[in-house]
Amino acid sequence: MIWSPAPYPWPDGRRAAACFSVDVDALSPYLWATRDARPDTIAVPEHRMAGMRRGLSRMTDMLARLDVRGSFFVPAVVARENPGLLPGLVERGHEVALHGDWHEQVGDISDQQFTDALEASVEVFVAQTGQRPTGFRSPAWEMTPHMLRELRRLDLWDSSLMGDDVPYDIEGVTELPVRWDIDDAIFFKFLGAGDRAPRSHLEIGEGWSSELSSARRHGTLFMMTVHDWICGRPARIDMLEDLWREIVDSPDIWVATCGDLARHHRGLTERPRHALTQLPVHSSKGSSDD
Amino acid sequence: MIWSPAPYPWPDGRRAAACFSVDVDALSPYLWATRDARPDTIAVPEHRMAGMRRGLSRMTDMLARLDVRGSFFVPAVVARENPGLLPGLVERGHEVALHGDWHEQVGDISDQQFTDALEASVEVFVAQTGQRPTGFRSPAWEMTPHMLRELRRLDLWDSSLMGDDVPYDIEGVTELPVRWDIDDAIFFKFLGAGDRAPRSHLEIGEGWSSELSSARRHGTLFMMTVHDWICGRPARIDMLEDLWREIVDSPDIWVATCGDLARHHRGLTERPRHALTQLPVHSSKGSSDD
Amino acid sequence: MIWSPAPYPWPDGRRAAACFSVDVDALSPYLWATRDARPDTIAVPEHRMAGMRRGLSRMTDMLARLDVRGSFFVPAVVARENPGLLPGLVERGHEVALHGDWHEQVGDISDQQFTDALEASVEVFVAQTGQRPTGFRSPAWEMTPHMLRELRRLDLWDSSLMGDDVPYDIEGVTELPVRWDIDDAIFFKFLGAGDRAPRSHLEIGEGWSSELSSARRHGTLFMMTVHDWICGRPARIDMLEDLWREIVDSPDIWVATCGDLARHHRGLTERPRHALTQLPVHSSKGSSDD
Amino acid sequence: MIWSPAPYPWPDGRRAAACFSVDVDALSPYLWATRDARPDTIAVPEHRMAGMRRGLSRMTDMLARLDVRGSFFVPAVVARENPGLLPGLVERGHEVALHGDWHEQVGDISDQQFTDALEASVEVFVAQTGQRPTGFRSPAWEMTPHMLRELRRLDLWDSSLMGDDVPYDIEGVTELPVRWDIDDAIFFKFLGAGDRAPRSHLEIGEGWSSELSSARRHGTLFMMTVHDWICGRPARIDMLEDLWREIVDSPDIWVATCGDLARHHRGLTERPRHALTQLPVHSSKGSSDD
């Protein structure tokens, strides 16, 4: 229990920070979900491909107009299938980072499989960009203690957890926390009958703009996460451009990539450090350990 | 991966295109879902019949006021049960096109059954209107490679996929892409306890109007899909009329039927061509093919 | 298929009609759902009882301020458990009508059980009010051909189906159609973890007001359905009062009970008559019957 | 059935009352749900811990700015794991009250286990604060007759049921009723794929402000319930502060803790007393007991 923790120190007297992060999943979640039995229906892969054909390009064009550098998380299979993708993003000034190999879900794989996929992904990035990636985001934002250990071993920052509103340390790993509330997929993703109908981009855009105001008031990190095949559609791109125009026009907000955030955080002398929570053991009467 | 694809060339210097498409399903999805065991309850068929009794007529009256020609997709069973339907639509200047026989779902039928239903539907249209239909929309917007082959064999355009925001070619078929975001059913359809409550027509109308603005800005196709039994109710018809009044009053938008769009697209020398996606094979370590 | 049906003739040159109907279910749906195994938990029955303790009274006080007579549908078990209910409603000038015995769902009971419950309910109404009820609404708005036959045999109007936007005849029964879109339960009912969170009364109130405008424009019936335990809460009552103030201040709207509507409808020479839909039989190739 | 019950008498001629109540669940619902098999994934516990690390402190800072005393319901396991929590809340002038031991769900435990957990919780509170807690709120707002008997035996008020809009008596226990409609969890809680996307804090804040106006008009209790890990995020805290600024600026609203409300209620001579509902027994024909 922390009463009135100190405000997080952003560089150059800025009051808050904002990061435009993109998960370039393309077909990978579909490939993973259907890895054992692939149907011959094509609506879902076609829908997802609209991102690679049109949406991602709209997104990078928009970032160029805004002069914002984004952080793009790319599963290795997507990089292999689209060999121009990582080089094209780097050429446009963006950061690329790890996002699994086949967008494999943590619950579906062993610790060894995670390690193999992580190391294979690093290799693909080095081969295609000539640079070692510096960070990782977990598919579906799930993590385990093993994953944290592996990220620390490879000196990678993480951007998958929600334990605070500002960068923090967990098990020796720099965490750049995400927020469901400013992720596009839970509001807009719609792939067919079982899904919930998309929310209005007007409603969500208004809410995100208000979140931004509150981030400035409270000095927190505005870590937005979008997907090219979801937010690359016309009305959502326009909503994003309006929001980010507001951000780049605000001198008190530091617009940063994940790499920028991690470098800043590691340079701080006082920084939030949260231990991985030790969970109490349940007994029928409860135990008293205070 | 396509970086900055060229804008789609609409005719006469228009900036965008809009199509008013209607799926006249009437009872057919209910008939298909209950084909093996039909309950004796009548709430659902009565609810759906409000479209044939009142809603469709409100819709064609509205289109007449707007001077807009729509594209009406009609399952063959609906045409057979309502013999005045196809002739009445054609007489009012609208396009009629194929939508399965019993609104059969792709996943429920064999390739041969699809072919039989498609050919039987063409016969019904020829018999009732004296004209061969030129296009097809799949029930529930699902497709297979077999279906694409059959459409190409019969020289039919398709309007069921979402792989781009403008017309494109896929496996030799002209695709006039749809969008869940401007379909009425996922927002308004409500047939009982299991369904999610309808969204407000005010919220959706505002969102669709904003989608339209973005279509003009990005030069895309605004392919709206509605159902007479859903949007033929008073408040939704009025919302649609307001939206389409805005469209017909915009000289930079080309109001076109699906047939108009397909004819234009086929006449272009440069047009988006997307191959049916070849899916990589998964191995435990991933394979490198770049 | 009906092209451009004639407008429905409301009395005295009114353009539309509005009816305030209330389903006074109290505990009955809970009693029915738990009839075989009743848990000892009390949150749900306590929640529902707020209607009888406070909400229904707020509703009748509001109707008195508006000078509107409502139509209250009461399951017989609710009348038996609350012997002051039917007499109190009649004394306040409202109409009371049938709504099953234990709010039994059509799918759970046999034809004979429906008939027994209907006849038992009529007896309770006669015993408590001295008057024979003139109409019926089905619990959960489900119907069967048997139910329609029984209503016709007992000369009762019905208000449970959605096959048109104005009163109509079906199998010799006068139908006063309902609409999910102006029912409170699907938007506001929330009884615990499995349910969807209530929608905002501001959003719904705005939508209903717009529905009302469209009913006036299209000359339809605005059949509102509410529940005292749901809409008897403060903010929803205030929303309803604002909406109905608008209605009573509109001289072109006929404010009527279900009984008023049924009497008017039966007196018309030209009235919409819809046959119970004959469903075609499915064969693998489809059958042609036109 | 009560027709036009008397308005509830608030002290000093106030028209309504408002209470800011917080369920400080921290990890306890997760601990309870995973008590038999705990996964090694950490996203959910990390997400929940944001409350203890940051959100709760933002909430008490906000209450200090507003000069409002809140009522904080704390499961005993949370108090044991965070020994500074109860003393810190009391020191800041707030009320602390019981909320189970491990946030155990009523349906999962026996009567004896409830009694054991209740008594163990009282001991923890006495040990940590030196004071006996005066009230209880049930995890998930479920209750049984046994629980009511135990609360009466220990002379504890309750705040878990929804049988009225003002304080009332049930089985000799003072009930301070809650409302789903002004609870944050059902609108904002989101822990992963199965959950529904959070609603906009702007929409909910507008709705709650309107609920407040109606509480003033109808003289009811505005019992708000929030969670530090949900509403401790920046934009929601700001929404709450705007709402409560409106409350503290309204001289006709009595801002009270649950303890204040219970003391006032017990001092009234005329107060709503509702018997635990006796449920009728179902027979196939229904029984007449009026």
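We just call them A, B, C and D in the order they show up, numbering each chain from 1.
Everything below uses one rule, namely that a contact is a pair of C-beta atoms (placed from the backbone, for glycine too) under 8 Å apart; a residue touches a chain by one contact, two chains touch by 3 or more.
Quantities reported herein were computed from a predicted structural model and do not represent experimental measurements.
Homomeric contact chain C/chain D is classed as different-residue, with under half of its interface positions used by both copies.
Per-chain CA centroids place chain B at a distance of 49 Å from chain D.
Centroid to centroid, with C-alpha atoms defining each point, chain A and chain D lie 35 Å apart.
Of all residues in chain C, those that touch two or more other chains are 196, 203.
Viewed as a contact network, the protein chains form a single closed ring in which every chain touches exactly two others.
On the chain A side of its complex with chain D, the touching residues are 1-5, 106-107, 140-146, 160-165, 170, 179-181, 186-187, 196, 199, 203-204, 206-207, 210-211, 213-215, 217-218, 220, 272, 274, 276-277, 279-280, 282, 284-290.
The residues of chain D lying in touch with chain A in their complex are 27, 31-32, 35, 38-43, 45-47, 49-50, 52-54, 56-58, 60-61, 76-77, 79-85, 88, 101-102, 113, 116-117, 120, 124, 128, 190, 192-193, 196-198, 200-203, 233-235, 237-238.
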